[in-house]
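Two complexes, one shared chain (chain A), two partners (chain B, chain C).
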Partner chain A sequence: MKYTFKKCIVFIISLFLTSFLTFTAFEVIPGDSALSALGMDASKEHLEEYRKAMGLDKSLPIRYINWLKGAIKGDFGYSSSYQMQMKVSTLIKNRLIVTLWLAILSFLIIVLVSIPLGILSARKKNGILDDLITLVTQIFMSVPSFFLAMIITLIFGITLKWFRPGDYISPEDNFGGFLRFMMYPAIAVAIPKIAMMVKFLRSSLLREMELDYVRTAKSKGMTKISILFGHILKNALIPVITFLAMVLADILAGAILVEQVFNLPGLGRLLVTSIANRDYAVVHVIVLYIASLVIIINFIVDLIYQWIDPRVRRD
Partner chain B sequence: MKLKVKTCHFNYILGLLITSLVLLMVLIGFFYTPYDPNEMNVALKNNPPTLAHLLGTDNFGRDILSRVMKGAGTTYIIAVVVVIIGGTLGTIVGTLTGYFGGWFDEVVMRLNDVLTSFPSILLALVFVSVFGPGTYNIIIALGIIFVPSYARVVRSEFIVLKERDFVKNAKLMGAGSFRIMFIHILPNTRRVLIPALLIGFNNAVLAEAGLSYLSLGVQPPQASLGRMLSEAQSYMIDSPWYAIAPGLMIILTILGFSLISGGMENE
Partner chain C sequence: MNKNEILLSIEDLSIGFSKGGKMNTVLDHISLEVKKGEILGIVGESGSGKTMTALAVMGLLPESAKILSGGIDFLGNELLTMGEKEHRRLRGKEISMVFQENMSSFNPLLTIGAQVEEMLRLHSKYTKEEYKALTIKALREVGLSKPHEIYHQYPHQLSGGMRQRAMIAMAMVAGPKLVIADEPTTALDPTIQSKILQLLKKMNDKYGMSIILISHDLRVIQSICSRTIVMKDGRIVESGMTNELFTNPCNQYTKELVAAVPMLNKEYKNTYKVDRDSHPILTIQNLNVFYSEKAIGLLGKKSRKQVIRDISILVNEGETLGIVGESGSGKSTLAKAIVGLNKEIEGVIKINDFTAISNDGSVSKPQMVFQDPYGSLNPSKKIGWILEEPLKLQSNLGKKERVARVNEMIEQVGMTTKYLERYPFQLSGGQRQRVAIAVALIVNPKLVILDEPVSSLDTTIQAQILEMLKELQRKYKLTYVFISHDLNVIYQICNRVCVINQGEIVEMKEA
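The block that comes next holds the complex of A and B.
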């Protein structure tokens, strides 16, 4: 209980700190947002009026509190980009769905593929095969996901014509088509992470196999398979959960690049175009979104951790 | 058991081979490239690999092999500077926190935990959006972002090493903290620090490639591996070899260094 409480406090403080730090980072940017919103030849009175209306004449902490009040209600202000004078929250909502689906699909692929592969690779611990597994995982870990995305486009899109590159299908129009299209970017994000997971799971399993309780189980006459699934796997998967949290954060980051390759209208692409357009209102919110997602994932992992491994609570 | 040691060596040697090949190409590229990497030639637009142009030509008729050699050089220089900045600052932070401990250590390490839980490319994007794109900006951004990872590695070594007898002896002999930290303990962290530097180099190469791919890093006409991938993206249908050459260079670089560092950790 005390552990959960402590984690909750840390979680709230981290969210709060992140929001304050990102707010400050985007407030100290050189440049006058009133000037950029109204144009270079706006009159002095107009500028003053705009500043007052937007609360820009107040001090930083007050502006932060005002911003926070809006943010809690889901109101993040307006995009300052002149082509799209629209609310940041509406702009982001549709994009978020695409990125979340990409993350969910690649996460599922990673878990479904890497756990069986990890177990298989750990069962064969001898010379040359051992070496080969290390080499293969190392090769896949070396491929940047966005280059993999380009290769997948080249092979499956351009050569085999299984999908039309750049021809995104929106989930409202055709959900099945959307999922089928999203499989390709999801695989591109997943493959390097699968290699990382296999390597990690394998060493975790091998470490566990050398412990005393495994020998006891063997001497009791249990079969190899039942030791593996009944005892070893449960313990070996505990460190994997923390690792998966890291992978999830990495997926979100990898998505930024892979969305660019597949021309997906996700958060990452919006982030990159907003940086290019100097649309700080949008950049700020996207960074905050991704950062909060990372914090939330870590929080959930901490809770899961203490639930499956009671030893953690005692520390 | 004997077999295991042997097989470890195989990957280690393979890593050394790949790395020396790649490094040789880059080193030669600093002094000599088959063609001028920025020389355009309309007659040679998007040509497939031939004997004259081993890796083909790009959309401006520039020789891709020359551009890969030069571009990898740019990427490597960026990565080396990033590792130097991150490694030096990280080592200093790790040394001080690991040796002295206390509240200073608590605060710095909590901050470290928060920073490392965020994907580095996201932090780099925040930095670039605040200070603007460009080669120097991404070097500074990545250098700072890499500090926590080194601080953590060095700190954990220091916590173990500072209890060892040779440190206690040095203290009895009246050596100052500064001398103990940097002359007695620091050289002993090399076993973990060197693989960490190699992995850091890999991460810097990946980060440069990613940022330049998003047009936020190295600016045209200068070539870098990420920049070339970004340019090649539009010509995937007509000249796929354009993307494959810099991509393979990234893969070989990273593979070589990670095999070497894996071999070192197993020693």
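The block that comes next holds the complex of A and C.
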């Protein structure tokens, strides 16, 4: 418990550190936010006034604390792309919902498809089924997800007409329709990851099967299937969890190209347009979001490890 | 119980592996019988087929193994032809096995209790409470003093001896008629070894199950087996009552085995005389060695663990000092400190080498030979390269001189120059250890630290390596610090013995 408590403190400190570093980084980047907000022909007095009003004349630590005060309440300022009329938090919130749903759906597909396939492949090692799974995963691993997105659009959108390509349905209008539409990009995101997961899980399972404790279980008179589910699987999942966490962080950060192909208003596209428009307030929050995501996921993975593996527990 | 009733009989069993179209026979027409209630010993080197015999009885042979002839009869059941389902019912319930690797043979993620109890659940029907009670009873029976606590503990939380006891509990909990113990004590310290053997004997006396005890170590076999079978290269070379077999061996190989056991034969003692007025070559004064433990998280405090406490040793030129102690006593830490591999030390380590400055490229640094010759030789390099490397680093000899030196050295350790073109994995364990010794000696050191150099080798090979070390010592006037957990090995080679326990010297005496 003491260990977990320490981990929590370290976790909070790293979040603060991340926020401070990203804040400083965006302060260091050349460019004048007053100038970009008011336009090139703003007068000197106007600029001074704006800086004063926005607290830009204060020193870096004070500005950070001011920013932090707002950030904790969910206020990240205004977006310059929308002439300071749109709150960054509102902008991000709408996009985040899309990205989160995409991530949740594709993560579920990844887990639900790859774990059974990996187990099947390892159980039928070197059989026809295993060879087939290996071949298919090999192919899908080398296909980029945006290309899959195009193929899916072509087959299910244009030929089969199961959905209307590019016709994004927002969750407020029709949640069921939204989910149905999101399935297709989720599949495009999931397939290459599934291929990697199957390969990874298969080799992890096969490695475990060679170990001494499996021989012990056999000598007890257990059936192959109960050894697999009773002993091997949990051990084999330990390295897989780290891999899954990396996958999750990756898809939560937004799949820019897939969003582009399906015309989804997700975080990835927002990041790209904000960078192009030098909308630093938005870019800052997205960078902070991605960095925090990695920290949070690592923290959760740590907790899961402790729960699964008694050797990691330290009290 | 009728003591002469046959429980298991193996008849004319041959097993092979096909490798590149050729059949590689690992068991060659083996026939043996196990009577009810007896303890049968099977002794032989690694690769002699002992373990393969055990796996055949358990039905755990690798899939690539082919049965070429013969059969195994267990109480009227033919094990080799019976279906997997019936065989599974026998496993654990009628025949169970105790393995050598007491750590890796347990699932690291499950408690000891769960794993022992699983055996019961597979073969009997009780309530949940009864399962637990029976498991705890079994744990207590194998001499685990706090069975309730151990029930909830994980394998890594127990010591090696405790794990081996738990494994015996697991093998016996379902009341089998035959227990196969494959090198059950090899991974353990000598003091614990004998306790585990006594435990096996006790269980045999109490429950009358037969035991097949497999070991490479004659002393283990001798201590509890009534009858013994000697195997070599997949064949049974001799069998008979244990005492008779070892006092009057008929077969040449059995004779060699018996001769290699140090306690049975005093001739092997080191007779190399140390010059009374020789100089000290290694002086250790008030040595303390520490290990820093990794801090937990960002805020954790670094802790320092003391491994060696206030040790003072004087080693004279030309002598062999033995350092003996159980695992964890600090032996290896001491060795690493002497050769400078451990930096966190307090105290004095002085190495006086009077021939340090010489023209033949000799160095004053002590050299070290490790226990695991496989792990300490670079697997991707040929032996010739491995031998030459220290010369490149520590001498200014030319290419020709280096090659001449390598050729000379490989012959000094009893091998030929044709081995220089091979890779470490192409050599046997004994040959690898010879190479490791050659690597240490090639730079002409005066002081050599040997850390368990023969522990991973078979008894007959052990004797050969020790003999070679003595010869090299005479020839090159070497000083050895010889570390081992095995007193018998120590007595064979050392002039003086220093016993350490928990980082302190508890005894120092002439061998």
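Keep this in mind: the second predicted complex is superposed on the first by the 297 of 315 C-alpha atoms of A that agree within 3 Å, B and C clash if a C-alpha of one lies under 4 Å from a C-alpha of the other, contacts with A are read in each partner's own complex, and residues count from 1 in each chain.
The rule we apply is simple: a residue touches a chain if its C-beta (ideal position, glycine included) is under 8 Å from a C-beta of that chain, and two chains touch if they have at least 3 such contacts.
Keep in mind that what you see is a predicted model, and the values were worked out from it rather than measured.
Participant: Examine A:Tyr3 and indicate which partner it touches, taking first as chain B and second as chain C; both and neither are also allowed.
Facilitator: A:Tyr3: touches chain C, not chain B.
Participant: Could you say whether A:Arg311 touches chain B, chain C, both of them, or neither, answering first, second, both or neither?
Facilitator: In the superposition, A:Arg311 touches chain C alone.
Participant: For A:Val283, is the partner it touches chain B (first), chain C (second), both, or none of the two (neither)?
Facilitator: After superposition on chain A, A:Val283 lies in contact with chain B alone.
Participant: With the two structures laid over each other on chain A, which partner does A:Ile151 touch: chain B (first), chain C (second), both, or neither?
Facilitator: In the superposition, A:Ile151 contacts chain B only.
Participant: If you stack the two complexes on chain A, which partner ends up touching A:His231: first (chain B), second (chain C), both, or neither?
Facilitator: second
Participant: Of chain B and chain C, which one touches more of chain A's residues?
Facilitator: B
Participant: Going by the contact rule set out at the top, does A:Leu120 touch chain B (first), chain C (second), both, or neither?
Facilitator: Neither partner.
Participant: Once the structures are superposed on A, label A:Leu108 by its partner contacts, choosing first (chain B), second (chain C), both or neither.
Facilitator: In the superposition, A:Leu108 touches no partner, neither chain B nor chain C.
Participant: So in the complex, which bits of chain C are touching chain A?
Facilitator: Per the touch definition, chain C meets chain A at residues 58, 60, 88-93, 96-97, 99, 101, 104-110, 118-119, 122-123, 154, 156-157, 167, 170, 296-300.
Participant: Under the stated contact criterion, what part of chain A meets chain B in this complex?
Facilitator: Within the complex, chain A contacts chain B at residues 14, 17-18, 22, 25-26, 28-29, 126-128, 130-131, 134-135, 138-139, 141-144, 146-147, 150-151, 153-154, 158, 165, 246, 249-250, 252-254, 256-257, 260-261, 271-272, 274-276, 278, 280, 283, 287, 290-291, 294-295, 298.
Participant: What does chain A use to touch chain C in their complex?
Facilitator: It comes out as residues 3, 6-7, 9-10, 13, 211-213, 215-223, 230-231, 234-235, 308-311, 314.
Participant: Could you please specify the touching residues of chain B with respect to chain A in the complex?
Facilitator: Going by the criterion above, the answer is residues 3-4, 6-8, 10-11, 14, 114, 117-122, 125-126, 128-130, 133, 202, 206, 209-210, 213-216, 229, 232-233, 236-237, 240, 243-244, 247, 250-252, 254-255, 258-259, 262.
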